[in-house]
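Below you'll find the structure, written out as structure tokens, and then a few comments.
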Amino acid sequence: MDVKLLTHTPEPDRVVATAARLCYSPRAAEEVWEGFSPEKQAEFITKLSSYGHYSPFEHVSFTLAIAGVSRSLSHQLVRHRIASYSQRSQRYINEGTFQVVVPPTVAGDLAAQEEFDRIMGQIHEAYDRLIKLGIPQEDARYLLPNACQTQLIMTMNARSLLHFFALRCCRRAQWEIRELAWKVRSEVMKAAPLLFRESGPPCLVRGECPEGAMGCGEPYKKAEVEADHGVA
Amino acid sequence: MDVKLLTHTPEPDRVVATAARLCYSPRAAEEVWEGFSPEKQAEFITKLSSYGHYSPFEHVSFTLAIAGVSRSLSHQLVRHRIASYSQRSQRYINEGTFQVVVPPTVAGDLAAQEEFDRIMGQIHEAYDRLIKLGIPQEDARYLLPNACQTQLIMTMNARSLLHFFALRCCRRAQWEIRELAWKVRSEVMKAAPLLFRESGPPCLVRGECPEGAMGCGEPYKKAEVEADHGVA
Amino acid sequence: MDVKLLTHTPEPDRVVATAARLCYSPRAAEEVWEGFSPEKQAEFITKLSSYGHYSPFEHVSFTLAIAGVSRSLSHQLVRHRIASYSQRSQRYINEGTFQVVVPPTVAGDLAAQEEFDRIMGQIHEAYDRLIKLGIPQEDARYLLPNACQTQLIMTMNARSLLHFFALRCCRRAQWEIRELAWKVRSEVMKAAPLLFRESGPPCLVRGECPEGAMGCGEPYKKAEVEADHGVA
Amino acid sequence: MDVKLLTHTPEPDRVVATAARLCYSPRAAEEVWEGFSPEKQAEFITKLSSYGHYSPFEHVSFTLAIAGVSRSLSHQLVRHRIASYSQRSQRYINEGTFQVVVPPTVAGDLAAQEEFDRIMGQIHEAYDRLIKLGIPQEDARYLLPNACQTQLIMTMNARSLLHFFALRCCRRAQWEIRELAWKVRSEVMKAAPLLFRESGPPCLVRGECPEGAMGCGEPYKKAEVEADHGVA
């Protein structure tokens, strides 16, 4: 899996803090914008986070390139509707050399890995034969597996990202989209550490799980997150 | 493919016409609602359609059960963001007896159909073996094909449906989601013929194609639509 | 203020429970739909609420007529973006006989009420004079006050309503939209008591306030809600 | 009215073109991104516009400061739901020195202007008196007029902006929001001339009006637009 922040709204802290301050200030937006010291910005953003006032976070968006993920993942991902996606098309691209995502449970079991490799080889061959028989790519792809790697460009604003992290950094999310969520979080934290300081699963951020009886029973701990993802 | 309208906002014409009329009328909403004859409602809706004023169409929504469609289709479908979906989960359901969608180009070619059947049989066996090896369903599914049948409940409001029909009834949409779009259209037309009288691909509705050089060059004709889908 | 439920998706419990169950059941949607006893539906909905799994709640929507509210309120209301609105137009309707919403703080102070009445009378006259001078309605309305009554038809799905109640039933919301929120809640609870049983401000529903230092310090109590709104 | 582009996604052409190309290219997103010459980008964007394929346009967003507009305008503006807004609050800011927007029809008629000025003066005084009587700002504002100036920060992506221009640059939009739409267009065209080259009302862009019998009958002409807004 490869996740890279391609671009984002410049000066994200300034944008969010200015938008928030404008609501309460008689001064002109440009004046607020110009005279806003980084310290004051930080103070504002910390307050917004602590009050749960996230609407100003919508003004900054982040565009990421995501590659080496499965179509299982992308089908889950695009269910997040407050976001924009452009995805590699299996209709218009010949997938004769498709690569696959191997689940860790499969990779950790010799017999399973063998089985997995065999069937992937067979699917490769079948795809090629259908193409040779003149079946269009958009139809030959009906036999391609969920494991098939895809590639996307995704844009989400900071508020939508916070929601994405709350749901998908959670242990109850599938391992692959969970891995994606933590990687996206690491990427956007480089660009806007303050905005995402209080981001992640509710167990980490608020110290409690909203899923009640459905919860996993293993809340994340700051130390674990720091060890695994470099940033807490 | 099986498409069935489960339920919808009652009296869709009355709802849309009342909402539209309210904007221009000094009378109370309830009074407008009560005194609205079907003829007057029809007149209003016809006008709204001809002016392209579709925001009142948002007040009515349609809930459909969709079955026997592929995961290729569902991945395309859920990209329509102004809608709600609940979908059969491959994480929580054992797919040992999965059924498949066969593309017409495959079904129309003996060699291709044989190839398709063989690989589907092999995938079935591989899936079962992974399950037996203790691989969780959510990971075993990585080898399931796009052809795998899924089931959804989808809710869309009438305005979003009009957009869906404009894009997906088009010949440039893939055959499967195009078939779905026309079937959904037939279903909702039973409940709200007036709202969807001017629906479908732009070639049919407006007599022109917005895709310019990318267009298919074969505009739909009313007679063809009537023959194929019962309603024009 | 007058709030009336005009219509809604029929059998809301059945719709939500069927959509939720479909995700985990190998059975066909129609079969789930048909065989779903009210008791089982209730069990499902109670679980969904306790886990915070609200996406199936999106499949049912509620259409309300709202009258006798101010333009201050409607400007706040339409900021809720996952909803549909049709509103009485000040461009197309002559507002010569506009009525007003009087804030309780004004109504409770004789001098303030007098001042308020006087200025409203003056605005009335000024509006009429501008109209007589040939100024178009859409421009004469520039002097109309926020207090001016408006009328809307609003459609929201149950998930969006839960969010609306969480924000606007809160004591920190302005008194007018808070009154609206509680009235909308009473209306939709008549149609779908189960879906909205755990609805309202976080202090009432979860026993805690997410606004931290910005909180009002006076959490709602069930008894108070029941006394004021008939339903807890 | 003062409209200023505060910030936007950097390199908007590159972002849109890369997102579009990714769908059809077997190459990695980063590779597409790096190797994309401005000429090739322009070619792609021109094609996308001509086909009406606007989804890649969603990846770039624009943040604008808007001041000196009326609350009539802002109430219309925030109806555009695929956007983010932060607005000067009349609850939290003392509006004792509120300024107003004067409609051109009023400014162009001596008697109307006099009437307008008189009533604005009276409203000023009444607002001050209510405040002095201890009425909270959020309630005193009930007598503030639609003409009252407000200030917003608005973020919209390029696709949503195209829709905004199509509706609000139109002569049937009210003069004030039409003026805003053209000014926003001028601002974003400085940053992304290619993306917005084919933007504006349908009469200008496509040479036809979708409103049929409701149309204004006076289609915009390139020369007029260039004369009035500097860019066609």
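For clarity, chains are labelled A, B, C and D in written order, and residue numbers in each chain start from 1.
The rule is short, and it goes like this: a residue touches a chain if its C-beta (ideal position, glycine included) is under 8 Å from a C-beta of that chain, and two chains touch if they have at least 3 such contacts.
Here the structure is a predicted model, which means the values were calculated and not measured.
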Where chain A and chain B overlap in contact partners, by chain label: C, D
Mutual neighbours - chains that touch chain A and chain D alike: B, C
Same or different contact residues where chain C meets its copy chain A, judged by the half mark: same
Distance between chain centroids, defined by C-alpha means - chain C, chain D (Å): 28
Mean-CA-position distance for chain D and chain B (Å): 33
Interface residues, chain A side, partner chain D - complex: 4, 6-11, 15, 18-20, 22-26, 28-30, 33, 55-56, 58-59, 61, 63, 65-67, 84, 86-89, 92-94, 151-153, 155, 157
Chain C-facing residues of chain D, complex: 70-72, 74-75, 78-79, 81-82, 85, 90-91, 100-106, 109, 111-112, 115-116, 118-120, 122-123, 126, 129-130, 133-136, 138-139, 141-147, 174
Residues of chain C touching chain A in the complex: 50-53, 210-214
